[in-house]
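Take a look at the structures below.
Below are two complexes that have chain A in common, paired first with chain B and then with chain C.
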Partner chain A sequence: MRRDLELIRNETVKVWKKKRFAVIVLILLALVPVFVYAQMKIAQSSQGKYEDWRAELRQRIADNTNALTSDRIPEEWKKWRVALVQQLQYYLDRDVNPNTPNAVRFTNTFLQNAVGLFIPLMVLAVASDIVSSERSGGTIKMLLTRPVRRWRILASKLVTLTMYVSLILVTTAAVSYLVSGLVFGYGGWREPVFVGFRLNGSDMDTTGVHAITQGAYMLMQLGLVWFSAMTVAVIAFMVSVLVRSTAASLVTMMAAVISGSILANMASSWHSAKYLFNVNLDLSVYLQGSPPPIEGMTLGFSLAVLAIWSLAAIGVSFAVFTRQDILA
Partner chain B sequence: MQTDVKARDISDKASNSSETERERANRANRSRLEPPVLSVEHLSKSIRGRKIIDDISFDVRAGEIYGFLGPNGSGKTTTIRMLVDLIKPTSGRVFVCGEDVNKHPERALRHVGCIVENPEMYGYMTGWENLDLFARMQEGIGDTRIEEVARIVRLDARIHDKVKTYSLGMRQRLGIAQALLGAPKLLILDEPTNGLDPKGIKELRAFIAELAAEGMSVFVSSHLLSEIQLLCDRVAIIDGGRVIAVGDVHEMIAQAEAHTLWLFEDPEAGRRLLSDDPRVDVADQDRALLDESVLLALPGAIPTRVSQADIPAVVARCAAAGVGVLAVQRVVPTLESLFLSLTGGGRDASGS
Partner chain C sequence: MKRRKDRLWPVLGTVCLLCTALLLLGFGWALKDTWAPSPGLVLPSPTQAAPQQGSQWTSLPEIKAIAIGDSLTRGVGDVAGKGYVEDSLAQLSESLGKPVRLNGNLAVSGLEAAELDDKLDGKAMQDAVAGADLVLLTIGGNDLFRSSQQAGGSIAEGGGVDPDLAERRLPATEERLKAVFTKLRALNPSVRIAYVSLYNPFYELAQLRAPIASILADWNGYAAHLAEADGNIVVVPTVDLFQSQSARYLSSDHFHPNEAGYARIAVRVAQALN
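Entry: the complex of A and B
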């Protein structure tokens, strides 16, 4: 056990010294201010147009309802708009502003938009070369000729990856909160958010709807984002075991993640696509109550699909790594 | 500083050949009584249906320097990778200090330090951080041991610099330091002199001799016979994935036919004289077997096979005939000529 902790420490040091995490923090520090600025511009322009948030909300409901009558919009977009309209109406009826500008709301929105591409890409920066770099650098020969079983070495790498994924998420949320707070103020933890909207055909079922605080919402969201980020990490881990070159493993995973977000937008009639891991990554749609990319997908379904893919990836990683011949 | 003095002391000793002979004999006697440190039994490996290693067996005793000699592509590295559990053998077994490497690598590899091919370390970390990393993978290696091995390989001055700033020789030494961390009973070095300059090679030889004198077994692979000759007690010769000979290095070299090079003032007259002499066998066809650096030193020299005892008489005969002899030089057999004498007529005839 003590030896295992030393192994995990070794792997953590390697990733740290490679300055992977530092690069991720730099990217966040460069990009988040850009998004904050964009959000600030939106807030300023709507402040100029409407006397208060209720008028703005009414306008948005009207706009979206009008759009529904148009023939040019595809069916699934209509469904999405119906859901949005009914949610906005729910907020209006209860006199709750869904768009008060504050750091917590900004962070929630940012996480929600980042789960599909941005967070997976940052996770890949660590996950893609955690095994393949040892092979392309030749250090695997030193690593595997020490008196330690191979599965222990791989397990220490997996634990290290899990810790870095968690750290990346917490850092993303923290940077987003701290930077946006400069502009929007650091409040908003206790503001209410409605959750539990359920889509029933084209109608919104609001019987299960209840209010939670934005702070609780952020925690729930972070949990879901963590689950989907871990799935990406573990599959990248497997690719990293299978492929010698770091570049090849990075490109493979980026292609998988990006094609997932493309598929999610166009595959609504190809039903079996819902068993692919990459269309299930955006778990926050279930929290928002928007319609899922493919009919029949639920939170439980997506979690199960991601879990099965993850377990299979871990199984393959260990099976291959413990048996494979290190030829070159 | 103290270790510096010691290292010089040892290299002085190594250059004194009678001392070395006696040390060798002592070491050999002592080690015959103990069980082998490394024992390879009927090792074979097939990759995609092609047999790369075919039924290799040999033993390495405690405190001996064992050579593993073969041309490039003969299966040296594949075999070494099987010794340290990087490649699983198709059949056969490897024991280190009685532990099966394939079944219990965590026990067997405790006694092994190795460098397989190039000593690759993490370039983005310092030498110390690298050693610390590998020290943590094994019980009971503390900072004092890291300091000690850094001093032994004389890297203590640069140990806190990033490895990517190291020269090849320094990387080699860091690799050896890593291999020595766990005070192994068996040190495996794969072509350790590759890429080192002559001074570095000499230092490495003295260093290996010192380690063996302290009781460590050293297993060294090389494609250069001279390298093995200068370093090893016993040798296994591998070709085409098979061990074609195992034995005492010096006995084996004595078996191989040595060549003698002749350089005359008048090459034509000299050649005629040698060809006429029944004691001399002019062997122009063997030119390809000889060490190029020796041929370069004597351009136009005539390679021959002649018994050492007959050389004075042949020289006298040349002098009497008025043909000036510029140089007569005995040439150490190369791996190629050793192969010839071992396989009795060409490597291709041996079926490889």
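Entry: the complex of A and C
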């Protein structure tokens, strides 16, 4: 046990020394202000146009309802808009403003938009070379000559990866909250959000809808984002075991993640695509109650798909790593 | 150097562990909330906006207007999508010498009188009407023309518009218009309502001209009668605007006005209101 802890410590410090995490923080510090600025511009442009948020919301509902009456928009968009209209209506009927500008709201929206591409990318910065760099650098021989079973070494790397994924996510949320708070104010933790919208065909089932605080929503969303980020991390981990070159493993994973976000937008009629891990990454849609990319997907289904992919990836990683011949 | 390294691991390790624990907690909570939700926050019950009392336009610093109804209010047929609403309010503002603010164009393309009647039972619409000083309204065209169109017909050729069917629907639709006016008045006793009446989009089709004209005369007359009874509703006539050279003022769908057509309606609405 002590020895395992030593291994984890060794790996964690190694990743830290490679300055990967520093790069991620820098990227966040550079990008989040850009998004905050864009959001501020949007808020400014609608300011003064409406008497209050209710008028603005009414107009949004009317505009989306009108878009629905057009025959030219594709069926999936319609479903998405129907869900949106009914949700906004629910908020309006209960006199709850779904768009109060504050740092917590911004962070929630940011996480929701980042879960498909941005967060996987940051996770890959750590995950895709955690094993392959040892081999391209030749340090793997030093590692394996220690009197420790190979699977323990790999397990320590996996634990390290898990810890970094968590750290990255919490840092993302924290940076987003701290930066956006400068503009929108740091309040909003206790404001209500409605969850539990269920899509029933094209109709919204609101029987299970209940209000939670935005703070709780953020925590739940972070938890779900963590699960999908871990799936990406574990699969990247496997690729990193299988592929010798860091560049190759990074490109493979990026291609997988990007194709997932493209597929999620166009594969609504290809039903078996829902078994691909990359289509299931956006777990926050279930919290929000917007329609999933492919009909029939539920939170349980997506979690199961991601879990099976993750377990398979872990299995392959260990099987390969413990048997592999280390040459070079 | 050695000491710095020594401090890195305890701090980093603890922070990472705390983050992981936090996220696991969030994950578990999300699952619990999805599959076994607790009752949730208790929110204050929504309040209904109170209708504004006895407001004379002359005493108001600003006129708040809303627009409701169907595609004509929406501006369908206008390439810029503006319709008559903005222009007429701008002209009204000029002639009144005070700002007129559009507090929302809530018109929905394709809306029928019955649907508008239903919408007026919703809180969103009720609040909007209650807070307004002026309501711009178009309704009825879809009931009388679109719904009496048989499947497959092209509206450009008057395709399948059945005057007999439209005429049979007339009494029921007129009842709906009455219900809409009554509800608007109940929601806001002092609001001014401008109802833009119907024009004949089929004027150039000889076989439809006469029967549709008589239906429109009945409908617009009924609307004027309701307005008379209410006292604070104006009916804006548009029939004459689209009679001669209707092609110049109708859009390519031969049903909705184009920009020039909407501009003419806008002038009428502004004039009728002041």
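Keep this in mind: the second predicted complex is superposed on the first by the 328 of 328 C-alpha atoms of A that agree within 3 Å, B and C clash if a C-alpha of one lies under 4 Å from a C-alpha of the other, contacts with A are read in each partner's own complex, and residues count from 1 in each chain.
Criterion: contacts are C-beta pairs under 8 Å (C-beta built on N, C-alpha and C of every residue); 3 or more make two chains touch, one makes a residue touch a chain.
This one's a predicted model, so the numbers in the text were calculated from it and none came from an experiment.
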More chain A residues in contact - chain B or chain C: C
Considering only the touch criterion stated at the top, classify A:121 as touching first (chain B), second (chain C), both, or neither. neither
Partner chain in contact with A:242 - chain B first, chain C second, else both or neither: neither
Figure out whether A:55 sits in contact with chain B (first) or chain C (second), or with both, or with neither. second
State whether A:251 touches chain B only (first), chain C only (second), both chains, or neither. neither
So, A:314: does it touch chain B (first), chain C (second), both, or neither? neither
Is A:9 contacted by the first partner chain B, the second partner chain C, both or neither? both
Under the stated touch criterion, which partner chain does A:178 make contact with: chain B (first), chain C (second), both, or neither? neither
Chain B versus chain C as contact partner of A:31, first or second or both or neither: neither
Do chain B and chain C land on any of the same chain A residues, and which? 9, 13
Quick check: in the complex, which residue numbers of chain A touch chain C? 8-9, 12-13, 16, 50-51, 54-55, 57-59, 61-62, 65-66, 69-70, 89, 92-96, 162-164, 166-167, 169-170, 192, 195-196, 208, 210-213, 216, 219-224, 226-227, 286-287, 299-300, 303
Contacts from chain C onto chain A in the complex sit at residues 5, 8-9, 12-13, 15-17, 19-20, 22-31, 33-35, 37-41, 43-44, 46-47, 64, 74, 101, 103-110, 122-124, 127-128, 131
Chain B-touching residues of chain A, taken from the complex the two chains share: 3, 6-7, 9-10, 13-14, 17-19, 137-139, 141-142, 144-150, 323, 325-327
In their complex, what parts of chain B are in touch with chain A? 47, 78, 81, 84-88, 105-110, 112, 114, 116-118, 120-125, 129, 133-134, 136-139, 178, 182
